[in-house]
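For reference, the structures are reproduced in the following blocks.
Below, chain A partners chain B and then partners chain C, in two separate complexes.
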Partner chain A sequence: MIRLGRVLFILLSLLPLLSLFGCWNYKEVDDMSIVAGVALDKDEKSGKLLLTVEMVDTKGGLQQTQAGFKILTLAGDTMFDIVRNMISMTGKKLFWSHAKVIILSEEIAREGMVKVIDWYSRDTGTRSDVYIFVSKEKTAREILMMNSTSESIMSFELAQMMLDERNSSTAPVVEIWDFIDKLESSGKSAMAPLIYVHRADGRGNERVSGTAVFSKDKMVGMLSGTESKYMLFAQDKVKGGVLPVDAGDGHPVYSLEIQSSRTKVRPSWIHDKLQIQVDMETQMNLDEVMTSNGFTHFDAKKAIEERAEEILQENITNLIHKVQKEYHADVFGFGEKIHENMPSTWKKINKDWSNEFSKLAVVVRSQVTINSSAKTTRSIKIGD
Partner chain B sequence: MNKEILPSGQSISIAVLFIIGSSLFMGVTGRSGNSAWISLLIAMSLSVPLMFVYARLHVLFPGKNLFDMLIAMFGGIAGRIISCTYIWYALHLGALVLRNFGEFSETVALTETPMIAPMLCIGLLCVWTVYSGIEVLGRSAKFLLLFTIMILFLLQILAIPKFEYHHLKPVLDSGWGPILADAMGLFTFPFGEIVIFLGVLRALPGKGSAKKVFFSGLLMGGGVIMVVIFRNLLILGPDILSSLYFPAYVAVSRINVGDFLTRIEGSSAILFVTALYIKVSLCLYVASIGVAKVFKLKSYRSVVLQLGLLMVYLADFIYQDIMQMQNFAYHTYKIYALPFQVFFPLLLWIVAEIVASKGKQKESAP
Partner chain C sequence: MKSSKSDDNRNSALPHSSTTAVSEQELGQSLDETLARLRQIFSNDGTLRIRVMENKQFGRVRFGLVYIDGMIDRELIQDGIIRPVTEALFTGAEHYSPEHLMENIRTQVIQISDVVVALKLDELISAIVAGKTLFLLDGCAGALNINAQGWETRAITEPLTEKGVRGPREGFTESLLVNLTLIRRRVQNADLKFIFCEIGTRSKTQTCLCYMESLASPDILKELQERLARVEIDHILDTGYLAELIRDEPYSPFEMLGSTERPDAVVSKIMEGRFAIMIEGSPFALTLPYVFVENFQASEDYYLNYYFTSFNRILRILGAFMSISIPAVYVALVTFSQEMLPTQLLLSIATARLSVPFPSIVEALIMLTIFEILREAGARIPTSIGQAVSIVGALVLGQAAVDARIVSAPMVIVVGLTGITTLLNPRLTGPLIVVRVVLLLMSFFLGIYGYFFGLLGLVIHLMSMRSFGVSYMLGVGSIRAQDIKDTIIRAPWWDMYLRPAMIGARNMRRKPMDKKGKRS
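Let's turn to the complex of A and B:
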């Protein structure tokens, strides 16, 4: 009897082993294809979606210092359909949570974004912190293809570029959750940075500069890199970058480095008309003087500050007017500010916001403070 | 039958974890948008009278639990029938919470693992705990509460850079209608669910202690939920918030400290599991006690395993999919739960007061 009990005990204690097999869906790294970035195009012939995936090549081995990459393109009806069908080309399931960038062709962006980004934000394998770009080239995949010249993984390079973008402020940095957030909220239009191939001396290099402006989920226009900087000013998103300032004659002679900038947007009623006030306070450093007689004494600082204020006010006002007239898309989020501060007014105008937005009166005020002039106290004096 | 005693610190811990249990990851209904915190305040103040009634029951029936009270007041048959509905409610609630966890793990964590596997793991753990007695539950709750609050606090601090305070404006954007509807929802889920706690009243020491337990549970639990609501709202904004099944998980996934501390949402899921474990265990305990009382068993321990397995199985087939779960939790539940949370306890209280005052008259008459 006792022996039977002991046998039973041993058998029972073996039972938990069944649950100790470990992972239910055990997968080793080399069983997965790690996706680094995606490009989305429209197939010219069939009109279907064309997905190009850049993958990290895990077969590199120890000798190679840099991981290789592999590029695959496949057409299909829906995003998920293509993604799963890619197994027939890679033999492995794609692993998405390390993907860093999505590049969309202009055609796709102009047709509507919801159909291509919903899967990305819904699926559990993907992460919503990937950067989104719109390609200014004919196709989006040629950007990813560029890496045949640069020998490194293009998607990771672009992600690094977005981290450093704050030092130039010529394009917005947009992650996909941010994009969807702007799509969903009323009184705010979405935007995305533009990417293109910069060609010089027969060689091409990828470049991110400029903004694609969206109305609802369709792209309606583009802003240049300089305009993007002023747009970021109005959105209170400027973290750095350089502002060239002229001495009043149109030739830039000073470079001001943006240290910090704060923008406040206030809607108000003035003479029974809705008006938006954009107030900016910017701290700058004088970092370049390209003339020998520009910055000679203390009072010159005041003049440069005033000139910088004028430039900012003028350009930002022009930019806002341009977006109002040409695109009717509220990328500045003025509508949201009205919603937050004047809920009752917003209820009346939100139905027709893009129209109201294009008629909105906007006043821009800028205040620039120059904090330092770097290492030298004055401009270079030319001796005789 | 040996009497088990819960020190008030432990019972408060159970109450707090019970209240925050599934709200930690289910979040709050999205209809009131950025005014959800007002609904929470309304729901908390609505719960105050209810807590008074529950605490009063403990004073009126010292040393008895819900099922003893029901049978004492409504007689052997009617009392047992009402007790049966409460057994069902406890079992069902435990199953619902387990299912929340199952859906959570299937949706965001273990997408290819059948839902029953994680639910069974937690379910068996709860069976073990309940079998070991309410004191074990109390001690683990006290420890886990500290742990939960520490992690919540840490997450809250890490999330501060992602806060966008303008999401709070304008207050009362969608008017009072959705706010009141949400307040009703919050009142039944999670605050009213504390009615389950009546099942363990006999383990509480002394006379006034129930009041302390209920009110600290309400205040601390409400405080934690408030903090979580604000965090989710400030990170995600009302529009995105309303489109997510598990907003807390997504909100935490946005945390990014210097591109170094990222992807911590997986570890924050531990919180959900701890709070849920307490909630399911308490439901299972009360259901077992109820069965033991109604069927005059010697000890509730003989039915714990059976009820626990039933609960896991019930959780597995109770909904077809996550959309049904969402719909039930946010729309049907607030009506379904009212009899258990409000009507029966009120009835019990009124009858008990009448009986008590008659008893007093008798005492003073001769």
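Let's turn to the complex of A and C:
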């Protein structure tokens, strides 16, 4: 039997320990402003950074099922300076762990990204799985300000959009860790999806399509949505999407749904010249035939496959040439492949890689297989 | 229901505390003198009955009957003692000595099965208080203890605390002898041993130790008997007294001895090599050694389909884990690690918590206390509708509290879930409350880290305990298939070859195996 006095003694000597815990990091969930997304611009007058934060507004209460949003803008010299100063506007500390998107204006992107994304990757409160975008509009904040489609939170909508992006493959999906990883490696150039306001009938709608191409940490150019798709093919990042195919006359009449695509990039020496071979194997489904006389016999499938191969080869080659000539930025990661397969060669050329990349010979080969024609085997026949 | 009992096969090796000191133990020859001494000892006891009678023809047979009213079977005494002794013809007995006459009466006249000769005064006293009838013959310095006990007992009914859909419906009663017959009827084997002893210096409660000699470990038996001998207490009214007095780890909130009202459960335990302890006056049997997984076992598990009962076991274990973890994890996530919640969940919690005046920990403690109050109130309401009333009360109270913004809706869900999962394990209700509050406070002080710290402490505590030398976490964490077969799952009977390790060590095999060690 332990004597009661001893038990009391032990308990009493443990009691002061409670004050040592101090509840470090303790914060109630309703005492913080949850950040959904952020847009970065340059203040026109002062030239300072302009930070626009979209926050979740929990004032809605129990009756409302959907939380509202609140937008705050503040200018300052450094990111962290602005973020901390924002407490004077919100009254609560900003909570960054659930932020989904970071939108940069083109101006900021062209000036250099390091100065704005360093805080985001360094701070302990932020997450590195946030989606990064470059705004095609004049400012980045007008994207966040435009909650046109619904009353919902724009940043969460954009995050959802990026999750479904693989079904269209018209823009790369880039999270900030991936972006920084590419900035730091020498054989790859960074990129980011483009976002803009799609206007029709006087109403605007946000749209993600196209790619911003970076050289080092500065943006050097843009690719359109279609070009982005071919870029993703070359990068082996296509998971889905649609490839329109014409019957040889320039007017697309067939839609091919991409099931899966595998791309292998191999550097090799051909006639003492470094050459990159891009080999693609693509599985597709025929999902649309816009003519009533096409696709009548079995050979038609073969013809469509061949036409699709031609289109892919032609467009990808054109795209690679464009990036080589205009941007000198290796978004395809060819440099990394050379590094992997030919380390000694890479040692010689990596000093001047952007220059070497522009001169690189590239051969694209494509092989397309059409697996099915969806629910029917024939095209619609028009009766007499 | 009438019951009669015999306890003269008492084991002398067991503690047998002596009665209050009687200076003169020897009995005198005079009937009136002995009766006077008994009257003096039982003075102020209005239930004592003394009757003096004579044989019709033979005046030397003058005898006295002593018994306590209400504890004897009057008809039996009348037909088995009074009538034969008063009407018997003692032809040729004139020259018998009083001792010879007494022997004659015992062997030829009295028509009751259980008659013992007693020579000491304290034997007479303990026989009287046990409900036996004393037969005293004038001139003879001895007495007969006649077992003609008979009193009202409760009928054998289905146990309220351990109801089942399938399986035997008999439950123990308050009568020890009835309980022992319930066990004996299920095990018709001379291996089944019943060792009696008395516990309680004043109450002298009959206590019975029950085990299978060929299965139970003699070491555990020795340890158990030593512990029982060391018990010093005035009286015991239920096996719960004993459980606290002989258990290991007296400061742990976890039960170290099993307790059941079902004879089939007791039989299954002793068939695994365990011991059972039963006392007069309590329908609850103790079983030992007791291990942690027994908290999750129900008798029904062994009667129903093994897929279904294995699923139920996993549910119960999950329930126990949830009931200690849910409030702690909720508080840790909401006050420390908000980044770990899915965004939508965080938003709905933040919205719900808006304008709730208390911090999450206070909210949790208030709601948990209210739940425990409702639970305790439900348990004290006499009828079984109490349960339903308290649940309705909780719902109404919870709804109103959320509407009034005193507590947030997620907290009501958390506490409700905690409560329901606790009900899955009625045996663990007490320990779970203690562990839950400790983990909750740890979470509040140190967040998720504190929660895991507390969980680690719990595992260390459980792992370090032993019940009668058997590891409390027996079978948990083992990689031998036969060890796991009755823990988190219940394997089919044809696949359970061995008894639990350490407990059934004397005779491990439930049934033979073939040469490959597989099926027989």
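Just so it is clear, the second predicted complex is superposed on the first by the 363 of 384 C-alpha atoms of A that agree within 3 Å, B and C clash if a C-alpha of one lies under 4 Å from a C-alpha of the other, contacts with A are read in each partner's own complex, and residues count from 1 in each chain.
By definition in this document, a contact is a pair of C-beta atoms (placed from the backbone, for glycine too) under 8 Å apart; a residue touches a chain by one contact, two chains touch by 3 or more.
All figures in this text were calculated on a predicted structure; none of them were measured in a lab.
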When chain B and chain C are modelled together on chain A, clash or fit: fit
First, second, both or neither for A:F156, with chain B first and chain C second: second
First (chain B), second (chain C), both or neither touched by A:K93: neither
Partner chain(s) touched by A:I180 [first = chain B, second = chain C, both, neither]: first
Touched partner set for A:R127, first chain B, second chain C, both or neither: both
Touched partner set for A:K301, first chain B, second chain C, both or neither: neither
Inter-centroid angle chain B-chain A-chain C after superposition on A [Cα, multiple of 10°]: 50
Which superposed partner A:R110 touches (first chain B, second chain C, both, neither): neither
Comparing the two partners chain B and chain C, which touches a greater set of residues in chain A: C
First, second, both or neither for A:M32, with chain B first and chain C second: second
CA minimum distance (chain B, chain C), superposed complexes, angstrom: 6
Doubly contacted chain A residues - partners chain C and chain B: 25, 127
Of all residues in chain B, those that touch chain A in their complex: 107-108, 110-113, 117, 166, 169-170, 172-173, 236-237, 239-240, 243, 250, 253-254, 256, 259, 262-263
In the complex with chain A, residue positions of chain C that touch it: 251, 334-336, 338-339, 343, 346-347, 349-354, 356, 359-360, 409, 444-447
Chain C partner contacts - residues on chain A that touch it in the complex: 2, 18, 21, 23, 25-30, 32, 34, 56, 58-62, 64, 67, 95, 97-98, 100, 127, 156
For the chain A and chain B complex, residues of the former touching the latter: 24-25, 124-125, 127-129, 163, 177, 180-181, 184-185, 336, 339-341, 343
